[in-house]
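Next up: some structures, all given as structure tokens.
What follows is chain A paired twice: with chain B in the first complex and chain C in the second.
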Partner chain A sequence: MVLLEMIVMGLAAGTIYGVMALSFVLIYRVGKIVNIAVGDMVLLGAYLIFAFSGLGLVEDPVINLILGLILASIFGLVIAVGTERFLMRPLYGQSILSLIMMTVALGMILRGATIVKWGTVLRVFPGQHEVFPPIPFTIGPIEIPYVYLWSITGAFLIFGSFLYLFRKTLFGFAMRAVSLDPEAAATHGISIKKIYTYTWMIAYVAAFLAGLVLGAINGITVIVSYLGLARALPAALIGGLDSPGGAMLGGLLLGLIEHTVGTFLNAYIPGIRAIIPYIVLLVVLIVKPYGLFGTVRIERV
Partner chain B sequence: MLILNNVEVTFDPFILVVKGVSMEVPEGSIVAILGANGAGKSTILKAISGVIRMERGRVSHGFIQFNGKRIENLPPEEVAKLGIIYVHEGRSVFEELTVEEDLLAGLYGRRSLDPKDALEFVYNYFPQLKRKRKLKSGLLSGGEQQMLVIGRALISKPDVLLLDEPSLGLAPKVVTEVFRTIKQINESEGLTVVLAEQNVRKALEIAEYGYVIEGGRVVLHGTAEKLIRNPDVQNYYLGIGEAGRISYQDVKSYKRRKRWIS
Partner chain C sequence: MKNVLEVRDVHLSFGGIIALNGVNLQLREGEILALVGPNGSGKTSLLNCICGFYKPQKGSIIYKGKDITKTPPHVRAEMGIGRIFQTPYIFHGTVVDNIMVGYVTKNRNLMSLLTSKSTVEARELAEELIEFVELEIYRNSPAHGLPMGIRKRIELARVLMWNPDTLLLDEPTSGLSIDEKRDMARFILELNEVHGKSILLVEHDLSLVHDIAHRAVVMDAGVEIAEGTPEEVVNNPEVIKAYLGE
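After this line comes the complex of A and B, so read on.
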């Protein structure tokens, strides 16, 4: 029963790793940018949700928090436009390295901005104890913390709507077309810059959702940003860097292993739980260099 | 009506590739741009479509006019929205999309069209694509990929199609098929086609008018019948002539150029 509970916990935690990996993978897939700032986007999201729900626009704490998430996401869209327009666009056509360095800079700026605005004191969401009660939620014999219910629902919503967008709509085809051959896409009236902007928007919203969950679990401090990067990166790599579906499965796998193998081993080797993701990553990359679901390029001669 | 007037194209920052080309493409016609490798055929098409902007090039002199509107140096997506679609040479399919998704990606610039009708419109001309519509486009044969990129250009019902070397790397039989379809579409839809080709014989079979480009300049132009009878075209591009084949060793390069200008 303990094992079953651990599996459920692992999968639940995995959903949020998957959402962060999705944010990372999207930017990589469409813009070929390795987004080191993903953790800081998560952190910014946590603080923005904290700030917006702190306004106390609605009585009910749950709706208040959801409203905070929505307002923060709208704010995130604006930041996404700014990120694309002023940080990334001047660098298109430059080397991959300068783009990566720019995301490092973006991360520093975002993290620095949160410290300037909110300081380094640990914060919690308004109404944290009502929204995420300390007593776990029970389904039959299994007990899981409330926050994971949020993570599962949120991940399901964002991932479902994204997959629909990506696979079934003209917008999704255009997005994939840009990721495969920007020049050819442009000749069909697809504006590359707009597609890049939309991609950043989705990435920000996904990261903000992760910010809500990680902020609720750990409290809102700068740690969230390190945690975000440290989980998003291996999940994305395990899934194969350019596959959104793989990102989610990578996240689930990571959460699962962390909460089962990691927890077991932690009794014998204290602290190993933190590096389990990287051991998994190592094994996966050795066996399948493209990751589990990464694209192996079709090459015709 | 697409008009190029004395167009010069420079690539980053001052490599002059196209040196003052003037052309007229009447509505509903097929115009061929002929020439050897590196003559500047592709660059002219890219200049019209705005793709040169993505390759750090620009139209530095002259102007390009489409239906009375100046379009030189517009970004490619704007040009596409005006109804001018450029088809890259070398079959730039979106490998990981299925054939159907690949075609629909071409519709993004004109979302007002109904996707189902648009697909049927393309399948009508390329029935082969319909049979393979669920297949990833990277797995199609070369000829099918060429049909796919042409179909993807057609799906948004453009006014002008800029075709860059559609015969590249295709078997002669497939080339004939592709060219026949282009002619067919031109006749039934009134589509204007600008065709850049090395395969002079095939191009002049379907084109009404041709421009011969050498070293970034128009050296000869005229109707297709006139060009195909021209002794120089026969010698240099078709490999035939009154005197039979001539040995290229005997032809001095300066002489060759002089002949073109005369």
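After this line comes the complex of A and C, so read on.
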């Protein structure tokens, strides 16, 4: 029964790793940018949700927090426009390293901004204990903390919406076309700058949702940023850097192994749970260098 | 006939390599103009300059009387220029998905691109074009692994989604069998004669050029060396020299 609970918890945690990995993978797939700032986007999201829900626009704490998430996401759309227009666009056509360094700078800017505005003191979301009660939710014999219900629901909504967008709408077709060859897509009438901007928007919203869940689990502090990157990166690499579906499966696999094998081994080797994601990553990359679902590149010589 | 497209004194170089060295060209409304020349003569580079893929260092591109030299590629498409590549540009998805994406050029509003209404409209239009390029049996097949001839038709159908007036066709028959070449020539002629498209055709197959083009321009080493009817240019001594040497 403990094992079953660990599996459920692992999968639940994995959903949010998957959402962060999706944010990471999208930017890579469409813009070929390795976004090191993903953890800091998660952190910014947590603080913005904290700030907007702190306004207390409605009395009900659950609706208040959801409203906080919505307002933070709207704010995130504006930041996404700024990120693409002022930080990334001037570097298109430059080396991959320049783009990576720009995301490092973006991460520092976002993290620095949160420290300037909110300091380094641990904070919790307004009404957190009412929204995420300390008594876990029970399904039969299994107990799950409430925050994971949010995680599962949020991940389901964002991943489902994204899959619909990517596979069924013209906008998704345009994203896929740009991800294959931006210049050719532009020649076929697609504004690549717009597609890049919208991709950053989706990435920010996904990261902000993760910020809500990680902030609720760990408290809102700069550690959320490190946790974000430390889980998004291996989940994305395990799934395959350019596969949105792989990102979610990578996240689920990571959560599952972390909460089962990691928890089990942690009793014998304290602290190993924290490095389990990277051990899994190493094994996957040795066996399948492009990740479980990544595109295998074939180059003509 | 008035000119729909004019290339004026276009220069393009990559580092020390000169790809285009003062090229001039006029595409008249409703004609098929063939652009021929040996490999490396600058034909594809010229097409890339016209569609905005490359920015020439000097010279200008005039489309319907408007200077589009600095216009972004997606806006040029919206203005009525459709280009197909020598190696078809096909993303992972079905044949119909790959064609439908051309609708984005017709309708730029993000919100409408998310609605099922525009998807339905795009699908209806794509179905018409699938019939035009005779790909009915491939409609829902994954496009990426299909043979070259099929992928070229997919790309042609995608470009036709936004109903461009002018088509830039980069070696549309290269890598095709004789039957496939005949079909492609038929599509090009129908687009020109029935739908009134002006077509700039880069082509190595001189017999095809002879059969379907109204005029031909020959390029060599980044410059235009001959212009005239297909019969005239193939007998031009400069052209023979460019292809066969001294």
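Everything below uses one rule, namely that the second predicted complex is superposed on the first by the 296 of 301 C-alpha atoms of A that agree within 3 Å, B and C clash if a C-alpha of one lies under 4 Å from a C-alpha of the other, contacts with A are read in each partner's own complex, and residues count from 1 in each chain.
Note that contacts are C-beta pairs under 8 Å (C-beta built on N, C-alpha and C of every residue); 3 or more make two chains touch, one makes a residue touch a chain.
Since this is a predicted model, take the numbers as computed values, not measurements.
Engineer: Label the relationship between chain B and chain C on chain A in the superposed model as either fit or clash.
Structural biologist: Superposition check on chain A flags a clash between chain B and chain C.
Engineer: Give one of first, second, both or neither to describe whether A:L165 is in contact with chain B, with chain C, with both, or with none.
Structural biologist: Only chain C; A:L165 stays clear of chain B.
Engineer: Where does A:Y198 make contact in the superposed view: on chain B (first), on chain C (second), on both, or on neither?
Structural biologist: Second partner only.
Engineer: Now for A:A177: first (chain B), second (chain C), both, or neither, which partner does it touch?
Structural biologist: both
Engineer: Taking the superposition as given, does A:K117 touch the first partner, chain B, the second, chain C, both, or neither?
Structural biologist: neither
Engineer: Can A:H188 be said to touch chain B (first), chain C (second), both, or neither?
Structural biologist: Touch status of A:H188: both partners.
Engineer: Need the overlap of the two footprints on chain A, from chain B and from chain C, as residue ranges.
Structural biologist: 170-171, 173-174, 176-177, 180-181, 183-192
Engineer: Show which residues of chain C lie in contact with chain A when the two form their complex.
Structural biologist: 51-53, 72-74, 77-78, 83, 85, 89-93, 97-98, 100-105, 107-108, 110, 113-115, 118-119, 122, 158-159, 162
Engineer: Per the contact definition, I'd like the list of chain A residues that touch chain B in the complex.
Structural biologist: Touch residues, chain A against chain B: 93, 170-171, 173-174, 176-177, 180-192, 295, 297-298, 300.
Engineer: Can you check the complex and tell me which residues of chain A touch chain C?
Structural biologist: Touching chain C: residues 165, 168-171, 173-174, 176-177, 179-181, 183-192, 194, 198 of chain A.
Engineer: For chain B, which residues are in contact with chain A within the complex?
Structural biologist: 49, 51, 54, 56, 75-77, 80-81, 85-88, 92, 94-97, 101-102, 104-111, 115, 136, 138-139, 149, 152-153, 156
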